[in-house]
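Each of the next two complexes has chain A plus one other chain: chain B in the first, chain C in the second.
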Partner chain A sequence: MAEHTYEDIPLGPDERTEFNVVGRRGILRYDGYPKASGEAMFTRDVYLPGMLYARVLASPYPHAKIKSIDTSKAKAYPGVEAVITYEDLEVISDTAYYEGELIGAAVCADTDQICVEALKLLDVEWEELPFVIDQEEALKPGAPLVRPDLSPDNNIALAGHFEAGDDVEKGFKEADLIIEDTIKWGSGSGGEGIIAHGGAEPWSCVTKWDGDILTLWISEQKGAWAQPKIAAVLGIPISKLNMRMGYLGYSGGHHHSNYLKPFYKGVAFASRAAKITHRPVKLQFSRRDEFNSIDMGLLCHVKVGVKNDGTVTALQKENIINGGSDPVLAYNWAATPLMSAHMEWFSGETKIPCILINSTSVWTDTPQTFAVRCELNHAAFAFGTVFDIVANELGMDSTEVALKNAARPEPSLKECLEDGKKAIGWDEKWHAPGTKKLPNGKYHGIGLYWSHEWGVGKTRTASAAVRICVDGSVEMVGSASDVGVAPNTTYAMILAEELGVRFEDVSFPYYQDPYGFRCMGPGGSVGLGTNSLPWEECGKRAKEALLERAALVLSEGLAKEVKAEELDIRDSVIYIKEEPATTLSVPDALRGTKCKIGKGLGEPGAKIGDPTDLQVCVSAGDTGGRTFEHLPAYYQAHFCEVEVDPETGHVEVTNIVNTSDVGKIIYPESCEGQQYGGSTMTWGRAITEEFVYDPTTGVQLNGNFLDYKMTTILDCGPVECILKETRVGDPEETGSYRLIGIGEDMATTVNTCISNAVCNAIGKRLTQPITPDKVLKALGKI
Partner chain B sequence: MRKFTHINAKTIDEAVSALSGANTRVIAGGTDLLGTMKDEILPDYPETVVNIKTIPGLDYIKEEGGMLKVGALTRLEDIAIDSTVKSKYAALAEAAHKTASPHLREMGTIGGNICQMNRCWYFRNPNNRFDCIRKGGGMCYATAGDNRYHSIFGGVIGCMAVNPSDTAPALVALNAKIVTSKRTINAEDFWEVKILGATVLDDDEIVTEIQVPEFSGKSAFIKFALRKSIDFPIVNCATAISNGTARICLNAVFGNPYRATKAEESIAGKTIDEANAEAAGVAAASGSMALTMNKYKIQIAKTLVKRTILACK
Partner chain C sequence: MNKDKIPKNQSGEISRREFLKDAGLVVGGAAIGSTILLAACGDGEVTTTVPGPTQTVTTTAPGATTTVTTTAPGETSTVTTTEQVGEVTKTATVTETVSTFVCPICSQEFDTLAALKSHFEAEHAGEAPAALNVVNLTVNGKQYELQVEPEWTLQYMLRDKLAILSPKDMCGGFGSCGSCTVIMDSRPILSCLALAIECDGKSIETVEGIAKAGHPLIEAYIRNHCMQCGYCTPGFIVTAKALLERNPNPTEDEVKEAIAGNLCRCTTYPQHPIAVLEVARELGGG
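And then the complex of A and B:
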């Protein structure tokens, strides 16, 4: 809004401008070979001696209550060790709110297959209840009530009203043109456009008791937050819950046991089974179970007041959001990032002086809705669509509309737009919507998406420790989440940079215990923005401590006083700044004070002191109160071209250019990996991905990777990656070296760029996914 | 996955003998069968699975006696890259190349591809969730449900599921014959919608060879699917034109591969040009009747007929 100030903050004298490790190309990510070769151990790869298996009952109905369960046949089945029902375990529900919901009972047996058979032997008496899948249907009078326990009168979970700036009516009066439109994504009938996480590893856990301490291997991206939640669910102290998390592959916001009840309830079942049987228990979701996690949907009526030059004077939005069936989203999430994000995007990123947004979250008999890389999908979609609508209505080039309305067009957005336009050939290729047919008979379209880069959180949960071992190798200690920009490798680059050691001397193992040190972003998002700070600080402190030790050793060896501040270290070699030829290795620095300089351990003449490791840690909070209030400093601009076949309705994305200003690049290949990967992922969101529910039974029809159509690298055309580092962000609002994230915004935004390009091609705006039936209908072919 | 008995057959006779037992299935590449077993989509679970990959000599591509002979165990990828098939039977090579994904083409066989069960998300919903007409139940759930990928030419025995094979229409267009352990069947007579079945094969009958008569004309195959990486066809079409005579077959539009005879008549003897090809496409769609959600498939079918004809120019 207008009261914000957007002055560039120049780099301070103490800010690093020369880098040795950070920004270097050619570093191999730690998890690359293990994942590619199959060595990487995921949670379901954990096998313990004597381990049993558990499975949970899935509701065959979208809304039903268990009246009774007779477990006798299941208990009698050979190999069954335990059957647990909602009557035994308070946290387990007896009511299902979507088809496939895991509720009511679990069985524990010698093999996973025995569990499958035993579940079939549970004699369950269900009371089927009326259900509603579509959010628009759910709002109609007389619609079945999804959560009568929480909303007895209607299916409205929550309503929010947001205003920024002046009264919108004033803004509309100042407009030359008022545009009204209805846009939607993921709110159609039968699951249309609802997208899934489709995590790489379906969620799993292994539980093992040792007295009153529970060791829990778990597919979890957010151990720092999950640990207190799970401990509370189990009724044990946090200190007695030993969580082990490692490789996740992709989870996209899904593996959050602190929020998602199928997970913490799964842990409750498995830990109870392990307690009863005194044996380790593994509980793993099927692929279809994993598909019971979805993004919310948005139906949005927009009213935009705009001047003839493209300046928006007022914006009004009426949002209806599919909140799914669980209060975690409807109350916690919809209330904060999902509803208010719509306001923050427009108020924080633009100069629009008058904004009014009303949001309503609706209960439906669909799974718990949650962030699907990421929770800002719909705010970003609305943002990108509104400015495209404005450009089309005015017949303007959308890059001009961007510069007119962005809160802070220079320098970042302007540079991103210029680079991107040049790379894709915007000036030669841009045309009015629906006006260009190619020689191959297809419509050509070109589209733009622009917004800020995001990636720094408000909270300071990250802590970290480093151990410099007696041989000079460096171990990073902290529980990291296998999510985001090759996190362990990227953090190691920052640590090596600050500590002055070679990257190869640093290791950051997976499956560390989360006690104490946990480098976890606050919400599964903003990993690098948050976690770069403790690692940067850790590296600085460790270097200071190491040079103190080195100063002692050198003082004795050289028989003169050498102070730590006279020393520096580069590429793992300590040296006196004034006499760079006088060096000391890291192991020598750690050997205490009784050694001769230049003699390695075991060499003749070396007096061996008592080598001791050096440990340094940074606690959560030590890195200061950095915040992120959606003040845009860094921008992204995505461009794409499409060809639309008017005879089949097929949309081919022929070219994508991503221009991302990330402030400071740490690991270039990883940033580009996010650009390639995000583009590939979002391709499907634009064109192929959606859930399908049977309208009569409410049963999900496509919970598998064949029928739920994610796109892969084989589906996609060229993607050009352009990275920028303007470093103009406020150091108080960014990560180390003024960096900002790149991972989430790629997958969240490029789909809207593709939608805009299809609109440019055929002159009509279609709802994602843009499937052939919609295109053919829009073109009047069917 | 539930337990079952697995038999490695060494000869065709041994396989046939094993298959005559109750509740027995044949496995080659396994890319269809194992999915149905893991998800437990069928009312009965096979007690015995007879592996025919262990039968030697069923994996070959050769020209012999005025025809192309392809062993039933030949993998799709081998057909896709074979130079003879590519040059003389282009529709078949292209169909094999467009089947499934690179990984599955290395596993799946031509015999399995033409014998695969129908695709339908009601039929294939895990744990036999829908007792549909194709399983002997009382109704087709797709008729009133989500039928975006279903038949545009009506049902067979009331079932609206489609045959999903990519190679099947190419074999029909090329007038192939399917040799089994019992008989030789014209390709277009090979498929038959029946309860828990998609072919005319008896329970104890296996495909041994595909024979394609020497073909000197031009053939083409086009698949329309949402993804390139992996997908069954929304519609596919193969056309073979020789001496002014066309054989045109669509698939994924009906319970069996659908020979578009009206399109064949429309283009017969005519110059292959845009207008005639377009007219043939329109003719192909005559008699079509869309369900509630799949009218778009008729437009795509027309287009693929037109484009495959033009590709034979």
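And then the complex of A and C:
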């Protein structure tokens, strides 16, 4: 039950209402030219003189242990420089828990091609062990044990029991109608609906030692978290791990060396190989190697009590969640927060008075489960489906059911629903499921998804620094990877806004030395929510310091006392507020007066006019380091239309409308990019994407981009992007800009909207991906 | 190599020194370009230095003509002409597609190998030999002469040997993502599926060349946010440029069809037709 309520919090005295840079359209993204011209160098593009290559062995079996490896033939192959096995490197495992797992050994050679050949020459004696892919099978008595080392009796990784509000039985008694149903997300047999990241850039790292300092170029999303983990794995101090991150191909939650074994173990192999050979080593994953992490699957039996007006009185859910094969993830991600996510969503976001949720996380011989843009897919799918089921059962308009049950329907949800309905023509187009056939013979369907927006500064661990150079240019210091959300440009807009300089005067170079400051990975749920805080603070402090120095210069120049409080800066020009005609440029302010480096301003005996940079830094502690448990006050509502061909079973998504309340828009084009990008991308989840396993061997059959089918430009219809700025978020959580992230939401939620629309079209709820065979079966055609 | 006697269309207009400067000083330091450097660069590929007389069999795409070229015998020859001839004849018989024999020095064509040989001995005796597996090609307007291994893909040659990094590797050489697309003689092709050895005489264009030429597609792509992570962007721009050359006035559907083979996981798709059609109008096509 929702314990906290949000009211329209008035803006505080320090909060901006007028913006010079933030929210402005037409600002060119920093990464635009480098990416369009081919200048942008990704980790895959790093070539160092004398560089060797490395590749890791992949298990051909879904569950197997290496009894021995004879490396002699591989070592003798021309061009091979080193072969490293689990016997040489403690962190490397000898047991595979899914087919394709990178374990056991790696080879290092002159070329990548020689590595590929040499891997085939490794004489590996495998002990095949029994396996299970399907999570329902895994729970049956006598099922093969996936992780006997961790769960010796059964395949249950973790079980959780969650209750909120009153006893559910009491709630069910108050209901006019009890609905029971099964919701499946990525949990079918044979890999049905299991989705992977399908990132753009196959993971790579390049390792180079300088004495005992390791320089590591890496396709990494969140360096701030990865650096301590990798340093621990390598057994070196964090201070001796020099991580270089920059341009990063779409990763969508994948390239997290902090959590995912293939990556930190890949670094371990590469760094050892570099040590042995005294040469830089580049370790590259193949496309097949990239299929090493999947989304969590959900099989959920749901029982809902509702009143005839659409009010839900009680909810009971029995969840089975595929936790994959990895302990770190199953415990840290798949199990605890993510099992509770279902409760968090239903209790935090709705007025449902009685909720009971049981969740069981199951081991299977599938890859590590992780955030596949994002880790809340199953919770979002369940959430979006439950209310659609309720609306259908009652014959109600699902937007009305939304407003009946949302914990905080006003103002954010209501505005999103109103705008979205208008854009798609909901009132004219909505109909009861399976009742509208178009003149072209196809079924028409229209669907809704709604929930809160997410992506607040939950993990306030970012630090940042700014340097105002003597020529007036401003350098931002903070290592971060790119991922595609134009993060550096967005942060620079905030800094320019706060500091009062022109956007053009600010630069934020990629591939910085990390010994400065580390931003959160922008691709990791909380990028802007977290990183906006230190940059805002940096801007404020730098402005203060700059005006202090300007005051001294002006005092001397005007031969009267000028105080910093009397000054302001706009568009990189410092001026006296009372007499705006009296101005000072930033370089002139930095000339100083009687200052001495290191001595502070105004010290006697200092040289006059020595220009010095101005540096300001903000550590993570300065912005809080807090964790919030509340769901934010911001909402999203998405609408779509589909046409379903009853003859071919083909589903065409003809129209999508995204309505997202992000609190405050920083970079409008980038926000919209996340809207149409996420919506179009998740078309694949709804319609085509899934793993295919061979049930007899446990081998994943479609680990490539021909057979794992992602959206192309011909697949999805147009997307209309509507952004809202209600600014009702709690500044404690959303910062003074009261902003919230947008990057994950569409990809996580619009597929549910498509499912709901298909259900509205044909009157049957299908599991994703909604392939033609499923449609035809549902229509009784096959 | 006696460069002075070789016509421009064979040697290109740059000296070997210039070539090495252009090709060799790459990020990776895997210097390229000459037989010697290839052998010394230590990347493990077996390279053959052929000081003697050679006949180079250049097989172009399946179904196309196989051309046998004979180069001049050198002073330090260790391979006899007889063996060479025998080998070449055999190859020609197997493929059964030999139609002409082209002199590599003066490009004169002959119907038989014997005729070419006579011509060669009469006209070019004593001229410098060429190495095996040498391709002459133009990349972004610059001419290169490269010795390549038969298994090298064009993508590998561009990235690892010429440090032209824009043909990206997304799908792993399966030809399923379009990220490595380059323009070859006005057609967009997948450089991961083309062999470098097939590229003799070809003209290749990558996004580096398109950007250097200041093509309006670059600005249009930036302005319209046609990139997010940017990994696939070069492949899209290259494909779009080839489309506009072929069809200066495309419809939105034609743009979509042209770039349907390019995958973008960030899914920036809606922006691409906007940018390409803007450029078509700007260039006067639309």
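Quick note on the criterion: the second predicted complex is superposed on the first by the 747 of 782 C-alpha atoms of A that agree within 3 Å, B and C clash if a C-alpha of one lies under 4 Å from a C-alpha of the other, contacts with A are read in each partner's own complex, and residues count from 1 in each chain.
One rule holds for everything that comes next: a contact is a pair of C-beta atoms (placed from the backbone, for glycine too) under 8 Å apart; a residue touches a chain by one contact, two chains touch by 3 or more.
Given the structure is predicted, the values throughout are model-derived calculations rather than measurements.
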Contacts of A:Thr712 with chain B and chain C, given as first, second, both or neither: both
Touched partner set for A:Leu28, first chain B, second chain C, both or neither: second
Which of chain B and chain C A:Arg765 touches, first, second, both or neither: neither
Partner chain in contact with A:Ala40 - chain B first, chain C second, else both or neither: second
Partner chain in contact with A:Arg55 - chain B first, chain C second, else both or neither: neither
Which of chain B and chain C A:Asp694 touches, first, second, both or neither: first
Which superposed partner A:Arg288 touches (first chain B, second chain C, both, neither): both
Larger contact residue set on chain A - chain B or chain C: C
Touching partner for A:Gly190 - first (chain B), second (chain C), both, neither: first
A:His378 touches, of chain B and chain C: first, second, both or neither? neither
Chain B and chain C footprints on chain A, overlapping residues: 113, 288, 706, 711-714
Chain B to chain A touching residues, read off their complex: 1-3, 101-102, 121-122, 125-126, 129-130, 141, 144-146, 148, 224, 226-232, 234, 293-296, 298-300, 303-304, 306
Complex contact set, residues of chain A against chain C: 28-29, 31-42, 44-51, 78-79, 109-111, 113-114, 198-202, 247-252, 286-288, 482-486, 669-670, 672-673, 676-681, 704-706, 710-714, 716, 718-719
For the chain A and chain B complex, residues of the former touching the latter: 60, 113, 116-117, 190, 288, 647-650, 687-688, 692-697, 699, 701-702, 706-707, 709, 711-715, 771-773, 776-777, 781-782
For the chain C and chain A complex, residues of the former touching the latter: 26-30, 42-45, 151, 159-160, 163-166, 168-172, 174, 176-177, 179, 206-208, 211, 217-218, 221-223, 225-234, 237, 256-257, 259-272
